[in-house]
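These are the structures, in structure tokens.
Both of the next two complexes hold chain A, though its partner changes from chain B to chain C.
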Partner chain A sequence: MLAAASITREVGWAIVIVLGLIWIGLGILWGRKAKNSEGFMLAGRNVGLSLGSATAMATWVTSNTMMVAPLLALKMGIWGMLAYASASFGLMLFAPLAARIKSVMPDGFTSGDFFRQRYGAAGWSMFMVITLLYSITWLVTMAIAGGKLLEELGEIPYLQGMSLILVVCVLYTLFGGLYAVIGTDFIQSLIILLGVVAIGVMVLFHLDHGATYEYVETNQPALLDVLMPVALLAFFNNMLFGFGEVFHNNVWWSRAFAMRKGVAPKAFFLSGILWFPIPIAAGFIALAAGPLGINVTDPSKVGPAVANHVLGEYGMGMTGGILILVVLFCSIASSIDSLLAATSDLLVKDVYCGLFKRKLTDDTFRRVAAVAILLVAGIAWLVALPGHNLDTVLFSAGGLVASLIWPIIAGLFWKRCNRALVLIGIIAGVITGYICWFAVQTYVAALAGGAVSMLFTVLSRFIAPSPFPERTSASPNVE
Partner chain B sequence: MWFGFPSARRTPQIGTASRTIRLHYLIPLIAVVAMSMCGEVVGADEIDFSNREALAESPSDDGTITLAWDKADESVVVVVEQDTSSEFESPLLRYEGPDSATVLSGFRDGAYYFRIRESGSDDWSEPLRIRVEYIGRSRLFFLLATGGLVVLATAGAIVGGYLHTREKEGES
Partner chain C sequence: MFSSSFFYGLVILGLTWTALGALALIVLLLKDWIKKQLW
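Moving on to the complex of A and B:
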């Protein structure tokens, strides 16, 4: 056990249910704005700068930010925090990509549309397998984090906590679509920012910095090494992981499509800047675990455990536990809902309409979207059952997402390339990523996968290139 | 010294090695669920590291070591010490309490010895030798150079592409 639970099981259940009811209520309220499929999927393509920045930031503040960033700090020290924070560059670099996306596909719906148009059926199939596999992986990490969080703070059994959080997020995503997701993201981002700052400041003032340095120097000397090998690898790996994730995933493309003209680049750049300090603040508290005498038995839980301990020292007891649970629940919910919505869009638009050639009216759209959301959540629930280590699960997907970085760049900015070579590069990148993750190091999959895919994509520009096909209608089967 | 050894392969984990966990994730979802149901072997009366074999065989490649032990009774308090020699001439107390595991991080390259006993007892377990072997220096620098190159090239391609296309769109 890391620390004594600061809230009772009943309080834990009550908080999640009350917050869930609030989100569901808001989902129903905002969901009324969705008059058609475009409203449900893309919030009427009318999202402004403040909502746009908030939703991008809140979505990127996942349970991984709050729980894996401290884990990396525990294992790698300051470099670990910076490694996680480097994922903000993915959001910042998506700003120019979003401008281009809006220009190339003003009527686009999903990132799958783009891949189908640029790389044909083979490229689209490959993309769908990769993005669905990754989206499920990401969803699984958040479900695991939710379960472990409730287990840590309220002694709610892992299975119950994980299921509860997933059910609540599914419900309000079902009701409101992207309107509900973006609206709740705005509120959740404010709670996350205020909560992280408050907890971070309390830990900062609670620590004896001299004693902390002495403890780390004696017990964790490698954390003070400027050239800690695994930390340096994690820095580049995590940055490329962030690039790959943001550049390809429909979570971000749907937001780009949903924002008003000219808003997306500013919103993504701003959200990257706002997001950068969050993993540093969240990670910093993990360094306090040893000096505060907290025994870490599960590194995934070190963040909430230290925060819980410090707030307890401040005499906040149950109030502190509630604060941590609310902040982390918001961070989990803000990402699970986005992923559910974006992944179901892909299943509906690209698989149901695209692959199976089924026509959807606005009346039937919601029913199919609901089935897709339930399907994705069900798969995630099944895979999350064992409760694996968060970083092991998360970084396994590094090669998958990093292999898509350069094909996306080429598709957006280049006029021609050898498309077969690009697709071979994606396969080679994925395989290399998995081999390196398994045989070399956990923190090299994205780096290796991205490098191999980049090499093939650059070569595709010079070896028998041909022009990309002309763009066609982005949403042929949604009326 | 943080360099000079061949690259390491995996990080020891509680009960199961990380390679096993990775394999779980590479095979179909059903297998993941099935594998998770495999239980750990419960230890005997004496307190010892339950993952001794895995830790002794597999060096840590990230400077993190997870020690786990089995206890007959949850209330039993254990003491874990660390040293750089098997003689434990200047031991460092790493854990004292009722938990069944501890995660220790921030180790540099080298060999470390651990032992465990029940609080109040004089019977220490056999020393457990664990190696920490970070990735080899040449491979590390190659990967870092590759990472730096990919990051710079990616940023350059995006910014360059954006400026170029914006110029073209402005002209048209």
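Moving on to the complex of A and C:
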């Protein structure tokens, strides 16, 4: 158990049900704005800067941000927090890509659309395998994290908590589509930001600064090492992982398509700026564990353990537990809803409309989208049932996603290339990434996979390049 | 070695920056709302 649970099971249930009902209610309310598939999937392509920035930032804040940032700080000290924060560069650097995406595909719906147009059926198939595998793994890890956190913090049995969090997210995504996802993301982003600050400030004021630094300097001096090798590796590996994840995933492409013209670059850059300090604000509290005498039995839960302890010291007990639960719930829900929406969009547009050549009309889009959302959620629920820790599966995919960075950049900005070489480079990058993860070291997978793919992509510009095909309709079989 | 002042400076910067981020989002929301450019 994380700590003596500071909230009872009844309170835990009450919080999740109340939050769930609010989000579902908002989903129903905002869902009325979606009159057609474009409205449901892309919020009418008219999202403004505030909602656009918030949704990009909130989606990128996951339970990993709250749990792994402190874990990395515990293992790698100051560089650990900065290593996690480097993932924000992916959002910032997606800004020029978002501008280009809107320019080359003004009527686009998915990142799959792009890959099909640029790299043909073979490229599209490869891309769909990678992105669906990655997205569903990410979704499953969020569901598992939600279930385990509700169990630790609120004594809600794992299966019930995991199912509940999925059901809530499914329902408001079903009713409201991307309108609901983006709207709730704004609220969740404020809760996350303010919650992290509140907890962080309380921990900071609770610490004896001089004694804390002395403790770490004496007992864990490596955590203060400016040239800690593994930390430096982690910084750049995580950065590249962030590039790969953001550049390829339909979660971000759908947001780029959803934002009004001219908004997407500013929103993504701003979201990265907003996201950067969060791992630092959430992560540093792990370094307080030793000085505060907290016995960390599970390093992956050091963040909530320290927060729970300090809030208890302030006499906040139940209130503190509620605050931690709400912040973590929001960080998980803001990612689950985005993954449900974006992954189901791929199934609808790329598979139902593209592969099976079925038509999508104003009358049928809700039903088809609903089936896709339920299918994705159902698969995630089944895989999450046993509650196995899938973090290794997710984090080992650095090479998988980093291999897509350069093919996407080439497809967006170049006029010609050797497409076969690019696709070979993706495969070579993926294989290299996994070999490096298992045989070399954790924090080299994305670096190695990305480097190999980059080499092939650069070569493709010079070895028998051919022009990219003319742009065809971005959304087949859509009325 | 990272100094004590760097460590605490980074933490305070992180917390302040995060708080300002929340404020920025609220201000932007109000601006978009007034201009009817929310979504």
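Everything below uses one rule, namely that the second predicted complex is superposed on the first by the 467 of 479 C-alpha atoms of A that agree within 3 Å, B and C clash if a C-alpha of one lies under 4 Å from a C-alpha of the other, contacts with A are read in each partner's own complex, and residues count from 1 in each chain.
One rule holds in what follows: contacts are C-beta pairs under 8 Å (C-beta built on N, C-alpha and C of every residue); 3 or more make two chains touch, one makes a residue touch a chain.
Please read all numbers here as calculations on a predicted model, not as lab measurements.
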Of chain B and chain C, which one touches more residues of chain A?
B
Looking at the overlay, what does A:232 touch: chain B (first), chain C (second), both, or neither?
first
May I ask you to decide whether A:360 touches chain B, chain C, both, or neither, giving the answer as first, second, both or neither?
neither
Which partner does A:276 reach: the first (chain B), the second (chain C), both, or neither?
second
Where does A:296 make contact in the superposed view: on chain B (first), on chain C (second), on both, or on neither?
first
Which holds for A:221: it touches chain B only (first), chain C only (second), both, or neither?
both
Just checking: does A:83 make contact with chain B only, chain C only, both, or neither of them? Give me first, second, both or neither.
neither
Go through the superposed model and pick first if A:197 touches only chain B, second if only chain C, both, or neither.
second
Return first, second, both or neither, reflecting whether A:288 touches chain B, chain C, both chains, or no partner chain.
neither
Residues of chain A that sit at the chain B interface in one complex and at the chain C interface in the other, please.
77, 221, 225
Within the complex, chain C is touched by chain A residues 33, 43-44, 46-51, 53-54, 57, 77-78, 81, 179, 182, 186, 189-190, 193-194, 196-197, 200-201, 204, 209-210, 213, 217, 221, 224-226, 260, 270, 273-274, 276-278, 280-281, 284
Please give the residue numbers of chain B that touch chain A in the complex, ascending.
2-3, 7-9, 11, 13, 18-19, 21-22, 24-26, 29, 32-33, 35-36, 61-64, 92, 94-95, 97, 99-108, 134-135, 137, 139-140, 143-144, 146-151, 153-155, 157-159, 161-162, 164-166, 169
Using the touch definition from the top, list the residues of chain A that touch chain B in their complex.
1, 74-77, 89, 93, 96-97, 99-100, 103, 216, 218-223, 225, 227-230, 232-233, 235-237, 239-240, 243, 295-299, 379, 382-383, 385-389, 392-393, 396, 405-406, 409, 412-414, 434, 437-444, 447-448, 450-451, 454
Could you please specify the touching residues of chain C with respect to chain A in the complex?
1-2, 4, 6-8, 10-15, 17-19, 21-22, 24-26, 28-29, 31-32, 37-39
